[in-house]
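Multiple structures follow.
The two complexes that follow have subunit A in common; it is paired with subunit B in the first and with subunit C in the second.
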Partner chain A sequence: MIPCNFDYYRPESLQELGQAIREAPRPFQFLAGGTEIVTMAQAGEVAPKAVIDLKAIPACNKLAMENGRLHMGAALTLTQAATSGLFPLLGSVARRISDHTNQCTITLGGNICGTIAYREAILPLLLSEARAGFFRKGRVVEQKLADCFHGRLQREEETALLYLCVEQKYLSMPYVHVKKVKNEKIDYPLLTLAALKAPEGVRLAVSGLCSFPFLVECAALADPSRMPGQRAEAVIKSLPEQPRADSFASAAWRAFIMKQAVEDAIARLEGRGG
Partner chain B sequence: MKIRSSTQAPYTVRWLVAKALGLEMGKVEVETPFLGGAFGGKTPVFLEYLAALAARKFPGFTIKLENSRGRDMASSPSRLALEAVIRLGADVNGKILAARMEYLLDCGAYCDIAPNMAKAIAVDCSGPYNIENLYCDSLCVYTNHTYATSFRGFAHESYTFCLERTLDALADALHMDKLQLREINAIRPGDFTPTMVKTNASNLGNVAACINSLRSQLDWQAGERVQLENGLIRAKGISLLWKTPNPSLRASAGAVLTFNGDGSANLNVGVVEMGNGGKETLALLAAQRLRMAAGRVHVSFSVDTKLTPEYWKTVASLSSFLAGKAVIAACDDALRQLISQAAIVLRCSEEDLDYGQEKVFFKGEPDFCVGYQDLVSGVILSGGNSIGGQIIGRGSHVMRHTGPLAKDTGKGRTGHSWTVGAQGVEVEYDPKDHSYRLLRACTSMDIGAVQDFDAAVAMIRGGMSMGLSLARNEEYIYDEGARLLTASLRNYELLRIGEEPAYDVALITTPQADAPGGMRVFSEHGVIGMPAALANALSCAAGVSLDMLPLTPESIWYALGQESAL
Partner chain C sequence: MIVYKGKAEITLLVNGRTHVLWVRAADVLLDVLRGQLGLTGAKPGCRNGDCGACTVVMDGLPVKSCLVLACAAEGKQILTVEGIGESPLAKAFSEARAFQCGYCTPGFLMASLRPFAK
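Right, the complex of A and B next:
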């Protein structure tokens, strides 16, 4: 049961979106798949006066190649993004977020903008230098995703994420995706690692390891003169914060699986060993 | 006061609430619907007190009290935690000569039923092994954790883990085959239990047959540990199990049998149905006894303490035995009445009569008969007069010849019989990241007699799955301030469908002479040896002693690290 009343807006164009944002009582929330809002509202953690549903806005639903870029609407479900096959690394990541039932509801934008800190779908986007389109004060503004994502998406209040786009060249680059959970398959990640082999060298992005997802910044990572094990060692030293410790795993275990996963990813992408 | 509660013990709720509020017992009526599962956790009386207090404060109002999942996990009683120190002394041939054990049961902040669980551990502490010199302390320890109550297995799954891990350590130290070690020490009819009950085939069953059956189920001869070409390791682990119930003294059951005008019967017993088929089993027993078709004995799934004869509590896997005996007594009582009324109708003596297919007939002349439908509401004589009356069968049973343990010697008999079994698990382990998959889980159990094969196998498999889930994932984790961090099914993780192994259950049938149909109780038992078998398999696979639950890749890695640091 959701124990509060709220107004419901379902704009069908950007113009209507602007109108809804102007009219809606405060505080309001954007609504995408609703999996998180519903859970949090049930627990009494949020009580919006209104929700603005983004799922009927064409720009949020488009999935197409346009002018050499893949345009992905923020309201696409993880399943839609995965089954299109257009961005295999994103598909691989999406297929391991939550379970299949939830993947059919959770949206790309919801995963990135939500409160649950893992935001795994951001990893392929950070690796491929995606750009993000926002609806801010009645206008569409586009920005490099890396410039506005620091652990979480930095966006002004009342700004909606409309779409993400990625240049075509990234879509077919070799990649590795590893998700490690406490046991077996479906769970929050102890570590999700996405790796892309760009012409300049291997890039890594991780979620679950620390309290927020991030792009690995470590000069040694792309240095082919060093062994994968040494580079993995260097990556561990360059983390933005200590690995997290919680009821799912200790910091030491997270560091262990991270090192192993980085070493493997480098070896696989550079064609060494298995 | 009327209480509607999701409980396994409606009669205990009636008694304790009446006592707490100073009410006459007859003024408290407890109604229990068909429960969607219980497994011991619905035995303690907890929310009922609070609701009853609120109801007393607001007469005339209905009070509804319901815990959210998280609150229930954090504040309602949980499963126990156990630590043990076990020392075994054996000769070079593997014969165990002496054992000393100390079990410490973390019962949380209130004791509830935990002392009984500590007693149950002591009573069965040796496992199904014959150990002549045995010393055991089994203690409850108060802690600031969630308080503990019964859970399927009644602490046997926990102490069996400790004991069976130690047996594997002994086998390793002796360089002995692990199944053989167990075979050498298995308890046999004539041996004594830890509390000095002399066993026989009827009260014990056949441990050796279970071991033999498991040996072929697991393909034990093919090897305990195999390294595959892809670097993965397949390994097997085993555990024996046994359990006797620990009912309170004077645990009793009553049953009333009434009939419908068409000759079909209604069975009224206070067993709570929670999806385990307890009522179904009793209805089948009654149908067999009355020689009626299975569907002709009806049961009502709810229990009402004002209408239904008392049944102690639906726990300890005892329904088929304790309530079964009451049901049989009620059937016999009804049959006596049916035959005596039939003797009047058929103008013969009772000895001349036999019954079957809802008829009472002249022995050897089945056509000379009268149907149950013409007997159950009194009989009409040929002259048109009615005599006799309704047939109402009554029966009851109280646990016999069981009692407390002697204070100084520990001797005593707490349960009427044992159920024994042997279990095994096969895993595939990845030595690189310590992840593993459950491949197979096997059980051979002596259940006395088979009434419904599919139901018995399903019951045991369900227990096995719960045991694997416990061992693989389940854990209450507290922070430094003893706050529970895992009060949600998102982080208190159960075995998921995709993680289930293939199950294989074999049934052994050594009848229990004093039990209805020779059936032993077995509803809980599937869970008991699973945690130990899994830990034994993984210890063998990883080459390290895994003595703590749950068994996650991290905990295996940690154990390996601890060992290499030594």
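Right, the complex of A and C next:
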């Protein structure tokens, strides 16, 4: 059981969300799927005075094409994102996060904003230049996700993530998704790699390799005149930090499987050998 | 807007029956099912969302009841292993002796109830 007591707010509109934020005792936490908050509260690692449940807010549950963009509410579960078929790369990534049962509870927003470092759901969104809608000081503010995600989603205090939007053109681009694990199929990643073949070239986003997920920034990656192996080497040299070393894998092993995965992804997306 | 402070009265729909219960906002569904409704089929295992012994079906999909706040389950249709009775799935498990100690078998049954769309 959760040893602390807290108040529970379930707003059903943005106006009520603003009211809940004004009235809730501090500190409070936003609740979507709740898997992380409940787990941490049961372990005594967090003790909020209130939780604000976002799941009844229409903007947080929307899943629709509008004005050339796919609008995905932050309270959509990984299962909903996967079974909709609207964003195949996101669906592929979502199906490998945790297990099938937890995917029915874990939300897009929860996975992106959570404290667990992998945040794999962010990868397709970074690749597709997604925009994020926030509820900040009573207003909905939208900004490019890449501008406010640097390993973790940078949010002002008391700001809720409401939705994510992706332009339609990205939804049908060829993609590759690979998740490398040490033991069981359901496991934290040694490496999760998502790749997209955009008109200007291959894009990559990675989780599990370093201490945070990131979009690969390497000019050589999109250079078709270079062989995949050369481009993979260039990507390894452009990493934002050294690969992680832990009980699952050494940094050298992670770098090795990353290089192999990048080379393979490029070859598959460009229809060529290594 | 729903606001629950301290202990609050909530309504849960479990196995086709409506129950009015007093719960803390911090009570998880697993403890409410077992402690207040006597539905002890769902089991506390890891209490961390890993083992699945607490699995129930909520609005047609399996969820780990140790990770769901009871008040967040309001308005949902909850199905526990007690609610599937002598279903073909339960009979198949029994006939095939598809269990060892049986503690987490309810979790297996509820997770197996609905095939996942590919």
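Rule of thumb we're sticking to: the second predicted complex is superposed on the first by the 271 of 274 C-alpha atoms of A that agree within 3 Å, B and C clash if a C-alpha of one lies under 4 Å from a C-alpha of the other, contacts with A are read in each partner's own complex, and residues count from 1 in each chain.
Assume a contact is a pair of C-beta atoms (placed from the backbone, for glycine too) under 8 Å apart; a residue touches a chain by one contact, two chains touch by 3 or more.
As the structure is a prediction and not an experimental result, all values here were calculated from the model.
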| item | value |
| --- | --- |
| Partner chain in contact with A:Phe6 - subunit B first, subunit C second, else both or neither | second |
| Which of subunit B and subunit C A:Ser172 touches, first, second, both or neither | neither |
| Between subunit B and subunit C, more extensive residue contact with subunit A | C |
| Subunit B versus subunit C as contact partner of A:Gln242, first or second or both or neither | neither |
| Partner chain(s) touched by A:Lys185 [first = subunit B, second = subunit C, both, neither] | first |
| First (subunit B), second (subunit C), both or neither touched by A:Trp253 | first |
| Doubly contacted subunit A residues - partners subunit C and subunit B | none |
| Subunit A contact footprint on subunit C (complex, rising order) | 1-6, 8, 24-28, 31, 47-49, 52, 55, 58, 61-64, 66-69, 71-72, 111, 116-117 |
| List of subunit A residues in touch with subunit C within their complex | 1-2, 4-12, 16, 19-20, 23, 31, 33-35, 38-39, 41-42, 51, 53, 55-56, 79, 83, 98-102, 104-105 |
| Touching residues (chain side subunit B, partner subunit A) in the complex | 432-433, 435, 472-473, 477, 485-486, 490-491, 493, 496, 498-499, 552-554, 557-558 |
| Contacting residues of subunit A [partner subunit B, same complex] | 180, 182-188, 246-250, 253, 256-257, 260 |
